[in-house]
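Both complexes shown next keep chain A, but they swap its partner, so chain B is in the first and chain C is in the second.
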Partner chain A sequence: MSLAGTTQAFDGIENGSAAKMQPRWRRRLRRRLFPYVLLAPSLLFLGLFTYLPVVRVVVESLHDRPHGTGAAMVSFVGFGNYSKVLADPAFRQAALNNLVYALGTLIPTLVLALAFALAVQRSNRFSAVLRTVFFLPSLVPLVAAASLFFFIFLPGVGLLDYYLAKIGITGPNWLGDSDIALWSVIGLTVWKNAGYYMLFYIAGLQNIPHDTIEAALIDGANAWQRLRYVILPALLPTTSFVVVIALINLLTSVDHVIVLTRGGPSNATNLLLYYIFQSAHENFEIGKAAAATLLSVAVLLAISLASMRIMGRGAQP
Partner chain B sequence: MALLATVAFLWATPFLWTLVASFRPEGAGSVNMASLVPDTPQTLDNFRNALESGAFGLYYLNTIIVVLGLLAVQCVTVSLAGYAFARLRFPGRDVLFYVFLLQLMLVPPALIVPNLRTVVDLGLYDTLPGVMAPYFASAFGTFLMRQTFLALPRDFEEAAAIDGAPWWAIVWYVLLPMAQPGLVAFAIVSVTAHWNEFLWPLMVINDPAKQTLTIGLAAFTRGAEGGKEWGVLAAGTLLVMAPLAVVFVAFQRRFVDSFVFSGVKG
Partner chain C sequence: MSAISRIAVGALALSVAALALPAAAQTKIEFFFPVPVEGKLAREMTRLVKSYNDSQKDVEVTAVYTGGYDDTKLKAQAAAKAGKSPAVVLMSANFNVDLKLSGDIMSLEPFLKGEEATRTTFLADFWPALHANAVVDGELYAVPFHNSTPLLYYNVDHFKEAGLDPSKPPRTWAELVDAAKKLTKREGDKVERYGFSMPAGYDYLGWLMEALSMSNGGRYFNEEYGGEVYYDQPSMLGAARFVEDLIFKHKVMPQGVVEAGGVSTSFFAGKASMVLLSTGSLSFIRDSMKAPYDVAFVPRNVRNAVPIGGASLVMFNGQSEESKKAGWKFIKWLSSTETLGGWSRFTGYFAPRRSSYDTAAMKEFIAKNPDAKVALDQLPYAKPWFATYQTVAVRKALEDEIQAVMNGKKKPDQAVKDAQKKADDLMRPYVEQTALKLPQ
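Showing the complex of A and B:
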């Protein structure tokens, strides 16, 4: 309505031919802008919470701002925060732990996810129940899983030690021993995630044409050969996709560490994101947290760029 | 087959224990707390204690506000953006598509520190909208809706356009009803993710009255460290897990399809 009014007002001023051009020009402009208007709400929030934070983190990582001081105390320190972070034994430990945690979780998770998928792919009642059992852990909050495993790992009276004692084994201090704690956390994560990735393998298996497997059968391939030479190659896209989302997940969730170990004992379960959380939220070292954030963002981007082709293909029509 | 059943039993053990322990009377003592054999008589005391000692009613309410409020905003942003990417041609479309795509890798949890500063600057610190804000735009949701719209035939829209319907009426009355499966899939994934979220609300919320279920449960778990109230902890954990688990068992097919769709398409 208001647009029509403005156009009429213009009609009065402009000469005849221009007046005829004007509305069409404005209409076309409106049509041109329309897509961007639809994208605007999303772009606003992407800008605020995906792009602005990256800029912020770059700026903050280059400055030092002692806790409790105002903007006046901010000083440029160049790569000072980076050298501080890289020299911090806790950071190095966290980075190393995260590597062990990522690989130690990823490999068993993938193997189990595929094994589960192969075991439950048939559609009968028993398989349906098993699918539910395997998938259910990925539906519960990581915090709830941590609460459960807090009791499972409890020395002496916990679920694990209670039943190990029945077969005459004395378990170690699952979360208190710095050589074992990280592996306990890994165990929890494998339990939590294997069923989720199983879903992708089930979907992947369904996409393998029956002829391919039948042909292998006719050629006399045994179960192992069918898996090794037919199924695994056909599942390669699924596997690369799962590896990417699993790695992103392993770098960006530390809820269980916060509840179970708080990075301890003696930093044995400290992971990158927990280190960042601790630096910012408990020690108020913003510059250090920013530098560590940027380093982990760099790792995330490296993983993603390596897989951009796969992800891009998935998103294309 | 026996191996499979054993593994499945092992996988279900944490849940079985939660169920058994949460109905176990307090007097059973902590020595046999780990037993998977149900006790008689059963009791609801643990649930009563859990509900009383943690403000679970309030936590439920806060979590529901966050999850549904977020979903409402997301439905608008992802439908509009999904429609634009699926149906309109405009300069810079591919570049903008990648601008969205990047959010799949620069996931909000990685950016908690700078995002907290932004939330403080916006005056949203210690508010529930502050918990929701970083997720208002969803790359995953946008792709999902784009795929959904692309799969719909254009005939209906064209007919409506010839009848002179404005674009929003076409989206609201013609496209969205047909795109319902996509929206439901997105809703399932979004609700699950944010019902379970912990680290970000932990950073944003300070006021105990605004805490969500996961924060309440974590505080509860730490509280149980000292005492030996494992039955109460089990009951509390069950209270947090139960709603999603029940919905999942009821709509299993839909859930599984949504999660697979979430991976394959986005």
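Showing the complex of A and C:
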């Protein structure tokens, strides 16, 4: 219909008298609508596959669908699912684990990424090799990396324990001890991600104007002072970007948890995303899963906004 | 990767459909199957299905490999929700109760009626221990396909070295502790070799705790009713204390959780002398173990008893009549005496039909592999696999607590109480709608 409308508009231009007969607002409306007509197909799919699921999650989170009890299938429960989720010790443990996991991974990853970047920022053959070595882990898919680490972490017979035994250390049960398992998962994630964020820091370092560093040199700043007062402030936008990307990445990937521990022992490595998966697919509690999803997305949004704002403010002196 | 394989499967289905267009009478169905252990099983299954397709013209089966047991359940449910129910699915046998309650799988009774068979006549050839997992609320919902029980594997060289007689493996818990103490090798505080080890990851641990509590005279769950488990009973408490003692008192078992892959690897590496693993691992261990090994019953405290594990064939609701008929036909072929026997010899699982063991091929195989004979001899002591309302969550309630015991975080008495409470909470909605729903 609207396509027919546009051809009419062209007709109108051809014989001016007819154009005058069309009210101005209609022509303006057509011109306004035309871009939306072109966008319609992609909007349709965006709506179907992105926004509709979001709406459905919101709706599901407000309803209860008791599993196979023969009771009325769907009932509206308001915020009942949210209070159930918040009262669930497994959810609280998963949230706490996620916090430890996020901070425990983020800080070492950033420090390592920056250290790597500083070490290899100058281009020569040696640093090119090093860059490849540092970057290699991020080329390995997370599932594959986790499968490798399953054997590295094997208690007693794994690669890690084998080398530790050579220097007289008895390794703990890396993935089976509830006090250590989460830190093993963190170790794997740091190994996997540091090289990737190094790339951003290398780019960031190359964007720092040379004259500021030269000026610092002339003023007699030593290496630490240059890093602390010149390079780090100049890298703030990079850091803020990396922090947001890394946090999102940390909350949205659980492949390694599924491969290594499936959240165990005793939920010690259960993360929010895996908790959501368990509620929905193992326990048939769609409403609870939806509520937990919305809660974690809300936290994620808040963290992203806050860190962007704080870092953004810091970037402009 | 799964997207690619789905496209590939789709393309394959399309091309098969295009090729088969002239023969309009043929019914095409999908068969979802998981492979719980090693990769070569997937190839064998594909070969089996192809030989079925070649053997007749009425049904064309597309075999779809769907990952592990859990993934298979998810994928089958997702496909059913999307209106493309798979005709036949090889499903972990303890999901059947939950799948029936959620209305996903269909009763097989109509097919039996059509053939003038009854549940009793149909199941007569299957081992009695398998019947409970095939029947839900008094109707047949599943046909057993491959089954397993836990089994004690032990290193023969270690037995000789420790002065134990490899032809007399431990039969009781007391003998197990005694042997494990002799087999454990220490250097100062460091343990060089553990006398005993068992998988304690999710899924496996629940199954093995069922084995230990049953060997202790217990039942674990109510076979007739999906709303009861017996976690805080003496049989389970004793089993939990036994596990605690093996780790902390006798110090013959590694502390904390070791997954099945870790247990089998340390058995191969000679770092664990006795391990509890599934009979489903028999071929894997036969192929990978370099040192001589042997197998024995799961040791008892009160009586010999082990739970069944494994998978059965189920059919999903929401298919056309032709598809149902074709699916049933395929199930009958897959669960025939010969097919089940062949699959059993290939995998190490035992065949659910007793008649499979009367075939010449099977007799020859058993004569050649005495370890398979032990697994078979243990069968008369087998009991049903736990299946309740919310099976996975109810099982996890116990597993989380036992894992805490294995890490020295909780005492068994408290652990089984907490597990019972959690399980009761999980099953409450069902209990209130069934056993506690009284006439007003």
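The rule is simple: the second predicted complex is superposed on the first by the 262 of 317 C-alpha atoms of A that agree within 3 Å, B and C clash if a C-alpha of one lies under 4 Å from a C-alpha of the other, contacts with A are read in each partner's own complex, and residues count from 1 in each chain.
Going forward, contacts are C-beta pairs under 8 Å (C-beta built on N, C-alpha and C of every residue); 3 or more make two chains touch, one makes a residue touch a chain.
Keep in mind the model is a prediction, meaning the values are calculated, not measured.
Chemist: One more residue to check, A:136. First (chain B), second (chain C), both or neither?
Modeler: In the superposed model, A:136 contacts chain B only, not chain C.
Chemist: Touch check for A:233: first (chain B), second (chain C), both, or neither?
Modeler: Neither chain B nor chain C is touched by A:233.
Chemist: Output check: A:57 vs chain B and chain C. Expected answer is one of first, second, both, neither. What do you get?
Modeler: first
Chemist: Regarding the shared-chain residue A:281, is it in contact with chain B (first), chain C (second), both, or neither?
Modeler: Touch partners of A:281: chain B and chain C.
Chemist: On the superposed three-chain arrangement, identify whether chain B or chain C touches more chain A residues.
Modeler: After superposing on chain A, more of chain A is contacted by B.
Chemist: In the overlay, answer first, second, both or neither for which of chain B and chain C A:157 touches.
Modeler: both
Chemist: For A:78, select first, second, both or neither according to whether it touches chain B, chain C, the two together, or no partner.
Modeler: After superposition on chain A, A:78 lies in contact with neither partner.
Chemist: From the superposed pair, tell me which chain A residues show up as contacts to chain B and also as contacts to chain C.
Modeler: 150-151, 157, 281
Chemist: If you look only at chain A, which of its residues touch chain B in the complex?
Modeler: 32, 34-36, 38-39, 41-46, 48-50, 52-54, 56-57, 60, 119, 128, 130-137, 139-152, 157-159, 161-163, 191, 195-196, 199-200, 202-203, 241-242, 245, 248, 251-255, 258-259, 273, 276-277, 280-281, 286, 289-290, 293, 296-297, 300-301, 303-304, 311-312, 314-315, 317
Chemist: Quick one: which bits of chain C touch chain A in the complex? Just the residue numbers, please.
Modeler: Those residues of chain C that touch chain A are 70, 74, 98, 100-103, 189-190, 194, 200-202, 254-259, 261-262, 265-266, 269, 271, 389-390, 392-393, 396, 399-401, 403-404, 406-407, 409, 426, 429-430, 432-433.
Chemist: Going by the contact rule set out above, which residues of chain A touch chain C in the complex?
Modeler: It is residues 66-71, 150-151, 154-157, 170, 172-173, 175-179, 261-267, 278, 281-284 of chain A that touch chain C.
Chemist: Can you name the residues of chain B that touch chain A in the complex?
Modeler: 4, 8, 11-15, 17-18, 21, 30-31, 33-35, 76-78, 80-81, 83-84, 88, 90, 93, 96-97, 99-118, 122, 133-134, 136-139, 142-143, 147, 150, 167, 192, 195-199, 202-203, 213-214, 217-218, 220-222, 230, 233-234, 236-237, 240-241, 244-245, 248-249, 252, 255-256, 259-260, 263-266
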